[in-house]
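The same chain A turns up in both complexes below, where it pairs with chain B and then with chain C.
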Partner chain A sequence: MSKTWQTTKHVALAAVAVSAVALAGAAQAKERISIAVPSFLSGPAAGPFGVPSRNGAELVIESINRGKLPAPYNTKGFAGAIADPIYVDESGGNTKQVAEYRNLVQKRNVDAVIGYISSGSCAALAPVVEELKRLTIFTVCGTPRVFEEASRTYIFRTMAHATADNVAAAHYVTTKFPEVNSYTGINQNYAWGQDSWRDFNLTMQNLKPGSKASAKLQFPKIFAGQYGSEISALSLDKSDLVHSSFWDGDLESFIFQGAVRGLFKKKKVVFTVGGTASYRLGKKMPDGIILGARGPYGVLVRDRKTALNEWFIKAYKDRYGVFPSGPAYQYGQGVLAAKIAYDNAAKAAGGFPNQDQVMKALTGLKFESFSTNVDMALAGGHQAITEHVYGLSKYNADTGEPGASDVVFFKGTCVMPPDGVKSVDWIKGGMKGAKC
Partner chain B sequence: MDLLITILLDGLEFSSYLFIVAVGLTLIFGVMKILNVAHGSFYAWGAYAAAYLIGVVSNHGFTDLATMAMIPVAAIGVGVVLGAIIERTLLRHMYHLDEVIIVLATFATFLILEDTILLVFGVDPYFAYQPMAALGNVEIGGIGRLVYGLSMILLALAVAVSLWFALNRTRWGRLLKAVIHDREMASYLGINVSRVYIVTFVIGAMLGALGGAYVAPTVSVAPGFGVEVIVLSFAVVVIGGMGSIPGALIGAMVVGMARAIAVHQFPELELFVVYAVMAVVLVFRPEGLFAPAKARKI
Partner chain C sequence: MTASRDWTIPGLTIGLVVMLVAGVVLPDWLLNILNISFSRALAVLGLMVLWRTGLISFGHAFYYGLGAYTVAILGKELGVSEILVTVPAAMLVASTVGFFLGFIIRRYRDIFFAMLSLAFSMVLYGILVKTEALGSTDGFSVPTPSFLGFGAEEAADNKIVLYFVLCGIGYGAALLVHRYLQSTLGNLSTAIRDNEIRVEYLGYSVAHAIHVKYVMSAALAGLGGAILAISLSQVDPDSMVNWTISGELVFVTILSGPGSVAAPFIGSVVFELIRTYAFEWLPHAWQLIVGATLLAIIFFLPGGVWSLLARIFGRKEGER
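Let's look at the complex of A and B:
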């Protein structure tokens, strides 16, 4: 009897010890989470996009960890947990990204992935994310196909997609420049460039029936770098306006070459991602270019006086020595969405939330971000809409800083399709339900 | 008429740029039988060095026009330093190996040099617009053209004439031809083949770097800069005939003009046209248009 009692006592003690260790382990897991942040850290997209993206994420993550974000986000951590960021390089192609994503989830066991710039990366990763079932927030990539081709459970996107860029561009052109009756385009020859042109062209036909698209559209290879012949062809084209969704180093090279050849004096040019070039080119950026920044970010919201925006601009400039461009805002916004979701989920759960609870809190979330309000309104609460903005590039010689004039904001419900409607169908159908 | 003039000038400008880069590649192949993938890195290093030096001298108060002097400085510096290091430390130990092994070694060198660029220059693109801005533009065929772009045609002509003269009218050229014809026999006749090799490799590297340095003021010099050009250069060299300098000239002209016509008349074919031309040439002339005749050893 005594021996049985002794055995039982040992088993009980062992069980208590194991439970204690397990609980201690669980408690420790709640103190820290790991977040992977992929962006271009090498290659032509690193300077204009990848590095500002990484910096934006870094600034916001570290501020959250220290509880130094402005109110109402000044609580420490993600549901109290300190985030350990893992910065990974997005360059190298889609196959590499898929392998890297598997590595992050299966070997490094990250709690969330927040990032991705290229539409190619997001399109390739979408099915893999669903397979591996890890919370993933796409921050910049623009292709609408991510949520239009299939329903997604584990993927969220915290900014508007490419349709908004091009619908807003067409709205801006038709209202500010009614004399524009014909247009051509130069876009990179892959999903991003082709989708952008398609959406812009369809919207122009909607908003200005009878306007004429050129038959000689330019679709050079991404990262081509030299556009001598293309600039000649655009200059000879009779169209009034040139549309371009160029980004990365291609955008800057094109502006350099086009500016010296007088392209921007001869034609109206709309760059849907042109905002990223403003700060980098400085006074070399010609005045009067129609600029987008893939939403209300960067140079186009420089003068927006909200506590969060003023904090973000100051903190970023103090730390990195330059003003934050669009990608910095967009990555910061993705990280902020994750923090809010973790905090809200913890409140609802009464303790540190699991992934399902975080995703539930993120679904349909509405929040004030650094430069705009975000509404996760589409794709079953997984795809954000925000207001959109365009303006004209305008260098301020007095301050020695680039800026924008004639800035016009568009409601998110004006430039994004309603929930459940594919972008192309929406535009082709006359953009029914748009609230402008 | 405006269109015709524009296509012609666009084609010539692009051909000139391709020729300057590709002639270095074909020179190295012709003499040393090395398909040098690292040539793209010479181009990228030349661009970075030029952009950096132009920025430095511009910040020291030099005029925009004066900054152009940094282009040959960068090309010569990169060619001499990188060319000599690679030839002396790597290639000279591999000449007895199979050509495929040497190609792989130059590919590895290319990757290393690409990463070295990141370490030395960082990921931020460099802008060196001063020479391009200094020369301004001129209206030809109803549109503005870069004088700097047109000057590239003159540079390519100067390179072509210089190479022709060096090969056909100098002692060095005769030595080179002897080595091309038969390396072993040249060696037995007392020609210092090792010295011919390093001189050839350095000149080839300088030409690659010159292409990059001259293009740098017109573009955003960014990581990955040398990848695109090496593919196009191979196309030029294959069309012209590997190892043939006149072939590189004609190959560059064919590719440049075909691309310009496509961009202006059939823009949807622009990506395809260079490789289509290459395929057609290879169907009818598998060795390229101007492949040098090979002596058969018995």
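Let's look at the complex of A and C:
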């Protein structure tokens, strides 16, 4: 008797639990929207990338909610709605991210997803986003494959893709250091590193025919951390220049280890994602390194005096105690694009817009962001182009702050392929249609 | 051993019916979690067979990945997306490779068995990471599957079709493994674990028995990987072949417990739910929750989730 009762109780409890789980994620009120913000919150990419990304998004979302952005963006909310951010972790592998994306949309019922750092995440998510039909803005991930594999309806990317990083790097090297005739590279042995080297190498061959790529390229494993033998090999290599697309903790380890071995005195080194290391390493960052920040962000736009940029730097520094690096800008930019699209869509619709109206407003949008102008010009208005910039690292001893010298800006149309052309084909074909 | 009635087959059948009926009413996100869980459970089922023999493989992501990449490559290169073709092909590839590697691996036990499996899986991982044609670390997408030539327009319908197919496959696999474990060769598992020499004196070849189990677990892992790839519509080395995934499979095996062929399915769902909620509630420290769960299981439930269920329902299922 009591045994039967026990069993019944267990079954009843289980039924309640299951229905509670099934009901979670119910609809929400209209004056609020929820925005998921995925970035690396754990693992080796969290410190240099994930946390600044999250902070950049947090700062901009909260400022929008309170109507505190500088004009012309000083209206409150996203089409008046207050946004509730949900910060989620991007680590755990691509399939984990695919599963979690489904949870965000189907279980937690978010209105938009703004984020993602790794190209792997974005490439894996692209088909799923299209399947689940939820507005998704990729903020940092660089692979051009996202829009080259298929046309996308629900995906937008608010910064230039990785082609621009390496094309701009080659432009900078050939104009600023015409004496460079040979080059080698150290890149992580995975998709990002392999693609970066390919683009840089192809562009160099275009811009400076006859220049020579080393036969001894270094492709260490990602997150290797120790680069003793690679640094020796690079030092002995006859090439004038070293190209590297290192990022995350690997970048900082490599700079530390290379600096004590005098690598940066022997060779010109270009880091396409070096900008994030500047603020983190401070005066331990050697001077004279060629730095990119995946666009006009972070330390390279430190001196750009626009109202929006000055506000962003001050608000970020006041709140988090450090200067905003590239990822902070890039996430902030993604959030800002969403706000503008919501506001414009509301104006056109004469009320709170639905998702289709927001996406229509975002397609082909041109807007002034914190540090640059963004033009959603490619992939049918889904892929942004912005200007690009490279400079030399320069520590300012007077103020005790990292900075950059010899900063050169490149037009977006100079470093990104025209609409409808695959980036590899574009570079191989001599970069036709580039307007510099 | 046969004194108490064996409830496994009726239990599994009831489970199947419940899951099929539930499939109609469950929300999409839960179906997705179940699809992922059941795919993993198939691989765990194979590991459980090895574990009963006292063998732990730290490299079964090798076969998981082989299965996944077979489906993905068939779709990408040959445009074949029929589940009835791709899934058996994946099993065939995994079990063929398992058959040949089995000749080497059946000679090793304990840590050497575990490490050798790990080594094989990392070789495949290394090859995939260096192969740009297969997307390197980014992997590539798997085309939408069709079943009996029928491909749904709406992706959501595909999910539910896949779920029903998967329930059927899971049921079939569990039944077959159960039958095998009750056969003489299957019953040798515990005997081999306890004393190989005695088994040899009984007239059975230990190497042969282990080889059979190894190929079986390879086929099951290949099957699981194939369905995971279809369910996620994406393959990449870090989520399918890396040693962390092998570790995850072992984790779920321990979490489930070796008590019954139903255990991997329950354990895998529990694992996926823990991970999903830990991820949701503690985005900065979800790994901590997952790790703490494993510790708690080892300390308090050495027989896995299954032993807890067996205790609640007052029945001794597996007779270890």
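By definition in this document, the second predicted complex is superposed on the first by the 408 of 436 C-alpha atoms of A that agree within 3 Å, B and C clash if a C-alpha of one lies under 4 Å from a C-alpha of the other, contacts with A are read in each partner's own complex, and residues count from 1 in each chain.
Throughout what follows, contacts are C-beta pairs under 8 Å (C-beta built on N, C-alpha and C of every residue); 3 or more make two chains touch, one makes a residue touch a chain.
Being a predicted model, the structure only gives us computed values, none of them experimental.
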When chain B and chain C are modelled together on chain A, clash or fit: fit
Which of chain B and chain C A:Ala124 touches, first, second, both or neither: second
Touching partner for A:Gly225 - first (chain B), second (chain C), both, neither: first
Chain B versus chain C as contact partner of A:Ala307, first or second or both or neither: neither
First, second, both or neither for A:Cys436, with chain B first and chain C second: neither
Which of chain B and chain C A:Ala348 touches, first, second, both or neither: neither
Which of chain B and chain C A:Asn189 touches, first, second, both or neither: both
Which superposed partner A:Ser42 touches (first chain B, second chain C, both, neither): both
First (chain B), second (chain C), both or neither touched by A:Ser235: first
Partner chain(s) touched by A:Gln257 [first = chain B, second = chain C, both, neither]: first
Smallest separation of CA atoms, chain C relative to chain B, angstrom: 5
Overlap of chain C and chain B interfaces on chain A (superposed complexes): 41-42, 189
Chain A-facing residues of chain C, complex: 26-30, 32-33, 36, 129-130, 132, 135-141, 155, 228, 232-234, 236, 238-240, 242, 244-245, 276, 279-280, 283-287, 312-314
Touch list for chain A against partner chain B, complex: 41-44, 46-48, 50-51, 91, 189, 216-221, 223-226, 228-230, 232-233, 235-236, 248-249, 252-253, 256-257, 260-263, 266, 280-281, 284
Interfacial residue positions of chain B with respect to chain A in the complex: 2-3, 6, 9-11, 13-14, 17, 118, 123-125, 127, 129, 132-133, 136-137, 142-146, 148-149, 215, 218-220, 222-225, 227-228, 259-260, 263-265, 267-268, 270-271
Contact footprint of chain C on chain A as seen in their complex: 3, 7, 10, 21-22, 25, 41-42, 87-89, 92-96, 98-100, 102-103, 106-108, 119-120, 123-124, 126-128, 131-132, 143, 145, 149, 189-192, 194, 222
